[in-house]
Amino acid sequence: MTYKRLNKDDAVMLLVDHQTGLISLVQDFSPNEFKNNVLALADVAKFFKLPTILTTSFESGPNGPLVPELKELFPDAPYIPRPGQINAWDNEDFVKAVKATGRKQIIIAGVVTDVCVAFPTLCALDEGFDVFVVTDASGTFNETVQQAAWARMTAAGAQLVNWFAVACELQVDWRNDMEGLANLLSTRIPNYRNLMNSYSAFTAK
Amino acid sequence: MTYKRLNKDDAVMLLVDHQTGLISLVQDFSPNEFKNNVLALADVAKFFKLPTILTTSFESGPNGPLVPELKELFPDAPYIPRPGQINAWDNEDFVKAVKATGRKQIIIAGVVTDVCVAFPTLCALDEGFDVFVVTDASGTFNETVQQAAWARMTAAGAQLVNWFAVACELQVDWRNDMEGLANLLSTRIPNYRNLMNSYSAFTAK
Amino acid sequence: MTYKRLNKDDAVMLLVDHQTGLISLVQDFSPNEFKNNVLALADVAKFFKLPTILTTSFESGPNGPLVPELKELFPDAPYIPRPGQINAWDNEDFVKAVKATGRKQIIIAGVVTDVCVAFPTLCALDEGFDVFVVTDASGTFNETVQQAAWARMTAAGAQLVNWFAVACELQVDWRNDMEGLANLLSTRIPNYRNLMNSYSAFTAK
Amino acid sequence: MTYKRLNKDDAVMLLVDHQTGLISLVQDFSPNEFKNNVLALADVAKFFKLPTILTTSFESGPNGPLVPELKELFPDAPYIPRPGQINAWDNEDFVKAVKATGRKQIIIAGVVTDVCVAFPTLCALDEGFDVFVVTDASGTFNETVQQAAWARMTAAGAQLVNWFAVACELQVDWRNDMEGLANLLSTRIPNYRNLMNSYSAFTAK
Amino acid sequence: MTYKRLNKDDAVMLLVDHQTGLISLVQDFSPNEFKNNVLALADVAKFFKLPTILTTSFESGPNGPLVPELKELFPDAPYIPRPGQINAWDNEDFVKAVKATGRKQIIIAGVVTDVCVAFPTLCALDEGFDVFVVTDASGTFNETVQQAAWARMTAAGAQLVNWFAVACELQVDWRNDMEGLANLLSTRIPNYRNLMNSYSAFTAK
Amino acid sequence: MTYKRLNKDDAVMLLVDHQTGLISLVQDFSPNEFKNNVLALADVAKFFKLPTILTTSFESGPNGPLVPELKELFPDAPYIPRPGQINAWDNEDFVKAVKATGRKQIIIAGVVTDVCVAFPTLCALDEGFDVFVVTDASGTFNETVQQAAWARMTAAGAQLVNWFAVACELQVDWRNDMEGLANLLSTRIPNYRNLMNSYSAFTAK
Amino acid sequence: MTYKRLNKDDAVMLLVDHQTGLISLVQDFSPNEFKNNVLALADVAKFFKLPTILTTSFESGPNGPLVPELKELFPDAPYIPRPGQINAWDNEDFVKAVKATGRKQIIIAGVVTDVCVAFPTLCALDEGFDVFVVTDASGTFNETVQQAAWARMTAAGAQLVNWFAVACELQVDWRNDMEGLANLLSTRIPNYRNLMNSYSAFTAK
Amino acid sequence: MTYKRLNKDDAVMLLVDHQTGLISLVQDFSPNEFKNNVLALADVAKFFKLPTILTTSFESGPNGPLVPELKELFPDAPYIPRPGQINAWDNEDFVKAVKATGRKQIIIAGVVTDVCVAFPTLCALDEGFDVFVVTDASGTFNETVQQAAWARMTAAGAQLVNWFAVACELQVDWRNDMEGLANLLSTRIPNYRNLMNSYSAFTAK
């Protein structure tokens, strides 16, 4: 067993098919939870300056455009609207963009988990990448499908993570940027914000 | 049976004890859901210019301060930090503030449902007010307690509602302010925002 | 207590806002369950030749068009696309259409339960109609909202039903049209279809 | 509607059949939750010096003895081991003990909800008492039975409450004994204890 | 409020449509739970010698025959295979059989809850009977339908009960037949059987 | 790790024991969900022209006949009614039929998961086939059994998938037959159909 | 991957600590489900004449005696009441009894899963036995503990099964004793019994 | 497969970040369950005299102080308040304290599971320790995150356990200290306490 530890200098973030139409298919998270998790993960990519790659599937059709918040957060990121490939890894531009980063740790999330996340995850593992699947920023039709997709990816060697664990594993030490991390957590974890507000109020006395 | 219909000219909004410490006791909603619902209800009060009254219980102690977002949204609202009364209706200033609005329809939400919401609800019903309990912006320890509190208030004549129904019942007609309502829904209902974004994208073609 | 029994000669069916966009907001039923229930209820209306009234809210906007299956099933039914009224009962044409049927029993279903179903239900009860809310053909954001809406309508005197109970209460006696009812159930209740198929196989021996 | 408000000078606490054997039948609460709730309710009775009456059913048989903690907390309370009556209200000594308190508000909890709580509740309501059923200190076989029993008692006029609401309604004002109430809550609500400990730590700075 | 208490000299048991085919539609209880509950209720009827009436719907078709255990338990009970009426109360023989008992308290269970139980319940209430719906011996398609059916019957004045509560309310006092009741509970409540076996083992020492 | 990717030229579909009687045992999916999933998987086999093999267990007995829809969809498929073997892999004709396809990727679904799916899966893995278990088109008694069966098959090397992932993995690229795939998804995923209908309506403007 | 297939000539059944007291700790199954599953597994052992070994832990103390049904079913089976060893594999007599059977496939179930089942399972795997854990005849405190215990045993190489899968894997072919197996299933699977009864009724015509 | 069995002479207990603020983030256990589990695990460490190491993260900030009960139970244990490292294993003093015990079996629990438990677990496995993760004394944001974290640690070779299994595996034989273990179980498992009390009562006769 070798612990493959996330490292902000070796990780690339892949956000796959978070499109306005496809997200309406997600039922294994409540819409509010899912939106919060996806934006939190995007915040993490931004905060740690991870190279980030966006891709969509048929955004001119019913699947709809990428959710605007992601486009706005990463205006300069490689953005690959796929003309037809379901598996993003089948799109040459996408794979080139990934490889151009020179990084070997892939952090991936998307909609739907069993297809848009699972397929490129399995391909990337096959090519020797370490893959970290962000379970709570990836959604699908129901919990049965979610569980099957998780099992398939785990069996293939993917590591299952959540956005908060990704943030903490990349941060390593609060002292690397205490205010920055606190701000990120406060925005996306209401009870952490509450703790901070209680703390401020109490220590101000 | 007479349908007591919410009316923006006869309704007053009571937000009871949404404090940073107390909210950490809430377990019948996920923290993200709860925060979204509470802020959505506050948006509704703001959007319809409802007189709004804020109150807290022991905010200098472990219960913590009012969540700052509510304070900021209603800087000029009556704000009654209760020195000890558990039931806000036992506080004269609070009841005076309610009665000063001259309104007979009370919309109420708070933490925790079975106490901070239920007690003033029962008192207000007793005095002849119509009371609309916003179930999804009121939280408590677990679902068993939630269900018992709902049953008690229903039996006493309270109407159970949710923030979205409150918004729609007050709005009456989309044409009263289409953009305003759409904006509110887009902010607080991710799947509605998705619908709007898909719509914009498709009709732009 | 007087049992107000559904009667196919005194009932009218109201299908409110089953639109392609709005349905994507429904999370208290799985999409498959919900579609099946809505179409089953439509089958019931058709089978018993109930006067049926269709209405939509802003179908030219993000809410989307009525689901095509309903339009096709009831090509000659009154169809009232509301220009802005959220509560269908606030639309004169809609209420006129209901009253034109001369019937006093309203069977209603729609999206979302807490608004599009609850508001006209409360108004109709107020005017003396008997209202039967078809719970499993009405959907909303989550189960908390569902429960609150049910409680509000029950307290006002609505009767909660499901599509199967509506079918059976209207049918009264299997012998009124055995094949017709069996066909309807077989289409919409997979396990009933299984029973029928087993029966056919076994008795054919 | 008249709000019947709990009042520590008019309330009596009935603890029915919390026996070591019977409690093993409870499955609508986890054992830890249930134990905590029952002891919390007992703490409330003690704290407000409510007259408290204990009763058991066949404690010499498989139902087992009263849980020792309750016996120890109320060494001088009337204690009525019933020789055979299932409904405690059918036991003359029990009813006499209740009436001897001269109080008209009954707070009741027990095992199992649908029998040991429901039967005396229905009888007491019949005789004009106000009855407050402590839902979370009453347990039974499963949630279906729980819900049916709640519905039956609610329909008969009982008020459903939980131990925390009982405590707060009796306390009226924190200032009546701030330390006492805080101590009670700290013992039985872990997250409240956490709030208090955080508060102490922060304000000590 | 008058407590209508079950009384073994005034109660009649109606078992409606517990047929081998229809039971396969039940999904709000696990098959084992449901079978146990139905047989337990039948045991109760037998134990208290309640007049019991059996009825089936189309037993020659896919609905299948009455489950054999019930037929065997009540060989001499009125048995009304209905030729077509969905609502058993629409069948003259059935109503005659009920009225022939001279009893005013109806205990009813059946499959499915929302139709076979709800319809005769509503009719019987309408005619002045007291009706006790045995929730855990009545099954239907899913929990949503269950909840709606319960709400409809409760609103009409039915009392929701469970088989164990029925047994205990009829028994009144353990001493009326201690061994008989213990035997019944031991057969149908595994954890009660365990208590009895532990008790026997320990007291034998 | 080598990603064994589904390939429409190397895959064979096995549909095991989807019989009218056996399906009534399934309780880990609602009947509507399950029917939809099974027919969706059959559509997939048809759409990709996968060699498909049907088998049943004792169809002349209580297990009942194959559901007619499957028989109709695959009139020319090998159809092996097993005379007694529980594990389809123990039936020579069945294994011959599989091997006659010359394919090495088995896609399998059936009733019940822990037996009719798990046993041939374990045998086929043992003989070197790649096996893809379609979790949402395979049903069993309850979720505990489902989870155990999944764990057993996963540990043996089976890949857990769902019908939608199978469709997408076989399709590879939307452009291979955009209309065909869209039609399949529209029929079996109500929310996807809604997206398509909204899209058509909006872009028609 | 080698499929280790259960074989009635190489399997031994271990039933560990199904005692009247310990069973009252089980909360991951309802009491009825659990009882049915345990007795079904015992029926399987009996039906296939598997050597069966019974053991208990401190049966003279609060853990209570073995449930009498098991003792009665296996009057001649080795019965090892352990004087103190928590792990049955630490008891020499127990291990000797297992090894005396000369069998290498262990089928095991017990109470509680995480201790009484997991410990001997891990030891037996360590000694080279194949171990089949019967998940639905093994119970524990809650589902979290259940899941952790399953994961631990799976990781160590145990196969997770359920009683029905065990029966079917041992039976191999219905024709080995059709009536015997049908009888066993009919007794323990109510919906299978229903199928059989419907079948008999229909084919008798 | 080699069974790595917990051994009280080779195990060390790590309790990570059970702080008053952080615990308010836990939502995969009810607060009462979680508190009970954490204190039970601490009791186990104490009872078996395991070397125990406490650590906290930023206890002077919003995360809050260590829960006082743990501090009191282990007044002399190494206590490492980490100045910034998120992963306790990144703190030299912490790792030194672990290694100073000379033990190779790590029992670990903490808040939150996916970070404070998972990170040091992965590091310790990497260095060759055997790691036993106490799932029920480790809490996090929700069950999705819990499941992902469990899967990640299991895949890396950690053994998932629960506090009760830890106690039993360390105890080996009740006779090593029967009274001590019984006392521990009685304090933390209410139903076990009930069994003991019933036993005492019955055998006293």
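For clarity, chains are labelled A, B, C, D, E, F, G and H in written order, and residue numbers in each chain start from 1.
Note that contacts are C-beta pairs under 8 Å (C-beta built on N, C-alpha and C of every residue); 3 or more make two chains touch, one makes a residue touch a chain.
Just so we're on the same page, UniProt names per chain: A, B, C, D, E, F, G, H = Hydrolase.
Since the model is a prediction, treat every value here as computed from it, not as a measurement.
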Would you pick out the chains that touch chain B and also touch chain G? C, D, F, H
Select the chain at the greatest separation from chain B, using centres from the mean of Cα atoms. G
Whole-Å gap separating chain C and chain G, where each centre is the average of the chain's CA atoms: 48
So, in whole Å, the Cα centroid of chain B is separated from that of chain D by 31
Residues within chain H bordering two or more other chains: 21, 24, 30-31, 64, 189, 191, 194-195, 198-199, 202, 205
If you go through all the chains, which pairs of them touch? A-B, A-C, A-D, A-F, A-H, B-C, B-D, B-F, B-H, C-E, C-F, C-G, D-E, D-G, D-H, E-F, E-G, E-H, F-G, G-H
Can you name the residues of chain E that touch chain D in the complex? 1-3, 5, 29, 135-136, 150, 154, 159-162, 164-165, 168-169, 171-176, 178, 189, 191-192, 194-196, 198-199
Considering only the defined contacts, which chain F positions touch chain B in the complex? 195, 198-199, 202-203, 205
The chain A residues in contact with chain F across the complex are 21, 24-25, 57-58, 61-64, 83-87, 90, 112, 114-115, 118-119, 122-123, 125-126, 141, 144-145, 147-149, 151-152, 155-157
Once bound in the complex, which stretches of chain A touch chain C? 24, 27, 30-31, 142
The answer for chain H against chain D in the complex is residues 20-21, 23-24, 30-36, 59-60, 64-65, 67-68, 189-191, 193-195, 197-198, 201-202, 205
